[in-house]
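Both complexes shown next keep chain A, but they swap its partner, so chain B is in the first and chain C is in the second.
After this line comes the complex of A and B, so read on.
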């Protein structure tokens, strides 16, 4: 059917054996963290795992068209999945980290809104370029009708393409993806910051005020790193391009959530071990 | 309190302006160097028998590339500031060091990627390497310097907790994401496939058949920069400028309200406003251009020819 998409690689189901192995690895990581860093460390790791899963889930919402979108051959944003998700999520992390001193809930809210805002502006500018720069209306290649607005697409697809631009459902998907990414990234950051703020003053035998820049830097670097791990992992699950929540590939998200949770558990364990050992 | 607020708004405006310049320079740099997704066609063209003189330096995606260069520039600047060098000078030195790394990447990427096309008889043009690499470096310098200056303002004037190199990484990745998302379609569709119909996507069957000739002689990547700087560059700048401005504006102005929730609510309102604007653009395009049906096909073609 598609000259661009080809056959779906990897299928859409969950591999039971791989999932069980993954969950065992997750539990082992959680157990080791509990053994070495006690209950506080284990609770922080659970927060990190949830954050990673949120990032993995959120990336599936982001409409990414890759190279075909750059020629108006396929809908979506003309860049890579992991790249765009990282851009939005890290913009969210910026806002979340800034609000971290105001409390857990405010920081998460600020991070989520930061990621959503980045995507809201980027998606709008994509349509500005398509419409005012290239004279091309939005049309989905995966569905005939927009599930939100009811707009029909087949007659708005130019000849020889799979659609183009960003239909409203993809726009909303982008904003949701950015929001979840910012939320997940900030959750990882806040959890790690709490661990480092508790441990570093003891290790260096210094007041928290002196140690705070080190704690913030360490938590920030690990949060950025874990964000990229989860975004790239999810990009492999998506295999190329995705239009958003209405794309059939979206149904693959459960296995990405498992993979992201496992990867976050292992990475989070290492991040906590840095100060716990 | 009021003085702090006024200072915060001023810094927000300045950071937004710097981000706008950064976005425009980043997109123009990536279009001249052919770094974004449209470079897939530059790489594909010789394989389809279309030999060209377009630069070919897709080192990586734009976001990680700019993440690296901005983090490097910010890191060097931060190190010089730590030994009490003047901040402006430190930022210039940091950006200059990062640009040399960008130049090395651009050179090796062009040589490596083009040499890999040797079996399709695509030559490596040394004059292109000499003339285009330095132009991409100049644009990269503007993009990196403005981005790390913006990051410095966030740390020094607005008190963001992240250290300068980490902010360079975060905003470098966001810069690349915004620039590639906004600018790539214009470079890919409107420039590389300029001979295809306006107002429609490039048919998949035309893949690889990029425009290779200019008014006189063969098209150079510098021509692509001239073309894309008319819309894709400024639009990318506007995109990144809006992102930075609203991210700072909502925090600086509304964070004191409702224990920090004011900034969150302001962000949600701004998102909803942009959503409405986007929907207006989408419906405007549908009603103005019309569908690509047999009956309506003649009108848009006449209007754009």
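After this line comes the complex of A and C, so read on.
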């Protein structure tokens, strides 16, 4: 979906030179973090990079329909990638943030379940509205057969559309995408929170209980910022709409992982510098 | 390779808007430093003016970027602007009096990297991508710094994490009643995000005219500024916060009226619809 009806950009394949430059930027960011915040900062940054890559990968699973889906002319959820990823990822992030005190694994699990649950509810309500409100059956335009259930699509697909509704494979993709996004967002949050909890009491000479709100809020707003950056970069990679893991555009994910990892490395370095400088 | 779809005929060139935006925003944010020099809080509202300048400039950047089919809708550009801007802004607030200038440099470096990633690694191949994402990152950071300095009266990190609360009539310094500790920054984040992604999204189309879109941007900026002024009551003296609220309100009423005038000018026809009236005397 293009806002102005222009041809969507974005060719296939990986640009090798640019990718190598990107990875060099990532390594430089890692090096600078190691230099200013020693091993602890560098390990936190590696966690942030993995979190960013998970978000970039996860967003590819989410069935994004955009404006055509709102008119029943394309399959997927009827909004843009950035909004959808933000909704699912932030739901996961809040879930994980709530569980942050209960330990690393519990927090990550809560984040993943939160994001997945958010997408599961969204996808179900979207289908309720499509089927019972708009009266359209679910049919994919990209494949003839659902890879999971084996349902066939062509006889249900209206002429002149790219498919409509939310087929089962897209539903599964949405839940996987929400789970990965929530996991990635929570990983970024937990790593940053650990850095701030260690550094802020020393810098401002205050007990941890008093300065904890600042650490939580800083880690939260940085995680939200990084989540949005990664989601929008991935949206640029998808260039508009995607049906889910069966869509041919899904094969573009390697370059989104590279871009998300580099962007997370740079943003994470800046976030760690706030307390390290 | 994408095709350039649409750009407004005539109007002010983007370079001039950028120059006005960055200079106006930086000057206005620096004027809040008068608070420190004179020992008052009365100059805080200049931060909001700086944010409005940044929103005004950013709307034209979004227009330049989205006139190429980026395929993801206009709001995504606003989200990446604020998302990367908050990261640059929080680091810049550590630089003391050099914060606004340092913010432009940090945000520019971050923006160039993000623009390079989108343009080259993700193969977007849009000629203005790197420049516009750089501008948008600076814009997002300036909006946040402007609104944050309006709410707290200062652009220093230490003032954003400390606040005072009244405990049995005694003023106590606390970290939780502050801009960052109280997560007010998240509200400012969304206020700025809505203000920057709305104007072009609302005005785009074949009949888009630059002065109307820019007026809508200023209107959205002042509308967000009203909300920030209300929040500033928590951190500033009543008179300083009241002045901010007044400035924001006057600015919003003026720009809203101008925007309605421009909308009437651009519309083919205009019907001032009245509410449906009940017939007199009953049915």
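Quick note on the criterion: the second predicted complex is superposed on the first by the 268 of 277 C-alpha atoms of A that agree within 3 Å, B and C clash if a C-alpha of one lies under 4 Å from a C-alpha of the other, contacts with A are read in each partner's own complex, and residues count from 1 in each chain.
Operating definition for what follows: a residue touches a chain if its C-beta (ideal position, glycine included) is under 8 Å from a C-beta of that chain, and two chains touch if they have at least 3 such contacts.
Given the structure is predicted, the values throughout are model-derived calculations rather than measurements.
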Chain A as common anchor, with chain B and chain C clashing or fitting: clash
Partner chain in contact with A:70 - chain B first, chain C second, else both or neither: first
Which superposed partner A:175 touches (first chain B, second chain C, both, neither): first
Chain B versus chain C as contact partner of A:220, first or second or both or neither: both
Chain B versus chain C as contact partner of A:22, first or second or both or neither: second
Contacts of A:83 with chain B and chain C, given as first, second, both or neither: both
Contacts of A:187 with chain B and chain C, given as first, second, both or neither: neither
Chain A residues touched - chain C or chain B, whichever exceeds: B
Which superposed partner A:151 touches (first chain B, second chain C, both, neither): first
Steric overlap of chain C with chain B in the superposed model, located at which of 56-64, 128-136 or 200-208: 200-208
Contacts on chain A seen with chain B and repeated with chain C across the two complexes: 3-4, 66-67, 80, 82-83, 86, 213, 217, 220-221, 224
In the complex with chain C, residue positions of chain A that touch it: 1-13, 15, 17-19, 21-22, 25, 66-67, 80-83, 86, 204, 206, 210-211, 213-214, 217-218, 220-222, 224-229, 231-233, 235-240, 255-256, 258-259, 262-263, 266-267, 270-271, 273-274, 277
Residue ranges of chain A touching chain B (in the complex, touch as defined): 3-4, 66-73, 77-80, 82-84, 86-88, 90-91, 93-95, 97-103, 106, 109-110, 112-114, 116-118, 120-138, 149, 151, 155-168, 171-172, 175, 212-213, 216-217, 220-221, 224
List of chain B residues in touch with chain A within their complex: 36-38, 40-41, 61-64, 160-163, 166-167, 169-171, 173-174, 176-178, 180-190, 192-193, 198-207, 231-232, 235-236, 238-239, 242-243, 246-247, 250-251, 255, 259-261, 263-264, 267-268, 270-271, 274-275, 277-279, 281-282, 284-286, 289, 291-293, 300, 304
Footprint of chain A on chain C - complex, ascending: 1-6, 66-77, 79-80, 82-88, 90-91, 94, 106, 110, 113-114, 116-118, 120-126, 157, 161, 174-176, 178, 180-183, 185-186, 189, 201, 204
